[in-house]
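Shared between the two complexes below is chain A, which pairs with chain B and chain C, respectively.
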Partner chain A sequence: MSARWRNHRRTGLCACVLAMGAWGMPAMAQVGAATLDDIADAPPQFKEALSGGKIKPQASELTRQNIQGAPPSQDPRDLNGMYNFLRAPGGPGGAPRAPGAAAPGGPPPRGAAPGGLASPRVSNVGAGACVINNFAGLTSYSTTILINPRQVLFLMEENHLMRWARFADTHDPAAKPSFTGDSIARWDGDTLVIDTTQVATRGKPDTDHYVERMTKQADGNIAIERFRETDGQLAPVEKVALRWRPDLHYVEDICEDFGEAFGIGYQ
Partner chain B sequence: MKSPIVGALAVALMMAVPGTAIAHHSAASFDRSKPLVVAGTLKVFEWANPHTWMTVTVPDGKGGGEEWRLEGPSVSILARNGWKKDSVKPGEQIRLLVAPNRDGSKGGEFLTVKKADGTVLKFGIV
Partner chain C sequence: MMAKGMMMALVTTGALIGAAAPAAALSGQDWIEGVWQARGDGTLKPADGKPIPFKPVAAMAWNAQKAAFVAGDPKVDFSRRCKPPGEPRLMSDPRTPFAVIVTKPRVLFAYQWNRLVRMIEMEAPREVIGPVYFGQNAGHWEGEVLVVDVQALHPNTGLDRTGLPHGEKARLTERFRSLGARQMEATITIDDPATYTAPWTARVVFDRQPGLTVKEDICLDRENLAGKLKQ
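Up next, the complex of A and B:
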């Protein structure tokens, strides 16, 4: 065997040994870019973004199909039941409405109810701040509505929250600012209108006033239009749908350690 | 004459390129446009609402490890996708699909979990 051949063979062997080590690196790499194969099992609603548009989910993947359970009551005022929420893109549109004016289909004229926007209050920022700290957060995954002639309760599983609105004409003058605010309910035809004052948001010095219009649809879903008072006008904020989900049952889960293990700042 | 080692190194480096990791530096929250695969040892699986969390120790290549804090969906969503509190256990080797934090910190949002036996834990619309 010539010296030249031995040299070539040695070069080849070295390349193979080093290359094998290099090939091993991807397998051992602990952090690396995801491939399309990795993304194939991702939640369908994220696949398009994760893949740069290369994987498009089926429409059927984006909405729960074949929901089993009792059909919704045909009573448009019977909102009792379990729902999942869907946030619609964009707001309800339309011109802002003056809360003191009788806008078509809008909230009724309100008096200067105590606790309104006229007197900004201190915020509730500080120790003991809640996990959910804004009004929109009050619509969360798996919501049960319990309604009777005196009150409406919203029980939200995901955040272990309860929201309460009583059927009344005026707000509680003693209500203090909170992220749930003080809610009163009334019927406008078959639309449930919930008027909420004293809504405090973390980091925001004054409180907000919201009006929500909730209308039961023929399929049992509830369409919610949410408005916030801005400069004396009710401006549309967003549309949210609560989807009738008789198949859902609460997942019982109790925090075991008062949140200490979360390590993200709330306990 | 060129050393055979130099030639071998060149070939080996060319073949090693696919294993390169990607770093991200941006503003806030999760970047779903640049998903990563993160492999390591599960330290803690926090089965809690409103969000589950995994702490994963990822070898740093220097004999040590760095912790990744990965946020997941609520217990409500995972449970309805068949997950259980002990679907993954501390000490398990896992490989996660992650939308990383935009700020480049070691963390993000976990989207799937692949166990050592090849089982993939995933979640979808519920």
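Up next, the complex of A and C:
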């Protein structure tokens, strides 16, 4: 994560608290807040930001710290690595937005129906900075994928988000609604298919069923097509590319620390 | 109290529920994969039965805040403010089972508690980035024993649920080995000249918990529901 992005978020946190109310906060922490510049220009200065200036960034060190280094494995099923996201412009859910419009999969509008797990009332202003709101937002700024024959994990650096899918034929019958849902994985050729049920969205009373198809490209990027079940049919939601970023390194990100620094959450 | 908070997490989120899990120990270095739960009371003590070799100043500081820490005062125990408790505290607390996942580049300890992940990097030693809550974890295999070198521990963390202190240059060496299909042992050697007069080693035994898996937990939601956050 770049220092620029962190500063961007910190500045955004303050602005949101003061001007936008409860649901402006998560909006700044969502993927929709990042721009292409943030992604293309992601520098390694996070090291300096994290260490209070004690450690200076050096790109060569970062390269040495990569999971596998570059180039990516040629095994189409070896998804291990570090990525960041790109939303496909113009695709379903990825179409250009008007200024000020909500990001696809972004937080629900204020005043959404209260009640239960999906209620926005579950979170206060402070918690809103660091809680999960929905499923689509889980494709966060920097993502580490770790995979073995039994499971696949998606570790999103921002706000220590984790998605976890096990290679299995059936869902956990005891699974309860959650923002990450219950995920099972299978291979369709060299495409990883992840089927996720029980997906909760804050402000939405029922749960969703998503299917994602993830295919590794020759350049190491991963193309993701995301579908959501609607009236018994899988409808395309969006296309996302996870870009192979061997120059990045997963960094511990504790949103709760940022929150306190801005007078929210625990005081 | 930390324990109380963790128990609340287990209760309010549906906690650890039944799901498919390996019934038998896995072969080779994969033996460690699965869900584990520590035995004991979550405190670290020297395995040789001797007193903890505190430096006098460190002992005074620990004794001064130990009661508040154990009672869950968020002014001294930052995990009560939803920040990571750190290691080896989190893994050695029997109230926080964790899943271990083995991949080639990383070994992960995944906790339900606020979705925390400890990432052990199975790579050559490298420059420290820190301090961070889980420390910098450099792991390697010695046969089927997982050895982890931990440094750069965050000052907000304690080594165990009593707030056992550590300095900024503390270095931990953890050795995880199988005790058969259903048990695992971790020996944790704490080398922290600023806090202790000599390195000392604690031992924690874990039970495999087939049929458990780790579910989503959002600490700030939980605390908000409990009325602990300002509105």
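Throughout what follows, the second predicted complex is superposed on the first by the 141 of 267 C-alpha atoms of A that agree within 3 Å, B and C clash if a C-alpha of one lies under 4 Å from a C-alpha of the other, contacts with A are read in each partner's own complex, and residues count from 1 in each chain.
Quick note on the criterion: contacts are C-beta pairs under 8 Å (C-beta built on N, C-alpha and C of every residue); 3 or more make two chains touch, one makes a residue touch a chain.
Being a predicted model, the structure only gives us computed values, none of them experimental.
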item	value
First (chain B), second (chain C), both or neither touched by A:S142	first
First, second, both or neither for A:V251, with chain B first and chain C second	both
Touching partner for A:R77 - first (chain B), second (chain C), both, neither	neither
Partner chain in contact with A:F179 - chain B first, chain C second, else both or neither	second
Touched partner set for A:E157, first chain B, second chain C, both or neither	first
Partner chain(s) touched by A:R166 [first = chain B, second = chain C, both, neither]	second
Overlapping contact positions on chain A, where the chain C interface meets the chain B interface	50, 61, 64, 131-132, 160, 251, 259
Touching residues (chain side chain A, partner chain B) in the complex	7, 10-11, 14-15, 17-19, 21-23, 25-26, 29-35, 38-39, 41-46, 49-50, 52, 61-64, 84, 131-132, 140-142, 157-160, 248, 251, 253, 255, 259, 261-264
Chain C partner contacts - residues on chain A that touch it in the complex	47, 50-51, 55, 61, 64-65, 67-68, 80, 122-127, 130-132, 144, 146-148, 150-151, 153, 155, 160-162, 164, 166, 168, 172, 174-176, 178-180, 249-252, 254, 256-257, 259-260, 265-267
Chain B - residues contacting chain A, complex	1, 4-5, 7-9, 11-13, 15-16, 18-22, 32-40, 44, 46-50, 53, 58-59, 61, 69, 74-77, 79-80, 97-99, 111-112, 120, 122-126
Residues of chain C that touch chain A when the two form their complex	13-14, 17-20, 22, 33, 74, 80-84, 101-106, 108, 110, 114-117, 119, 121, 123-124, 126-134, 213-216, 218-221, 223-225, 228-231
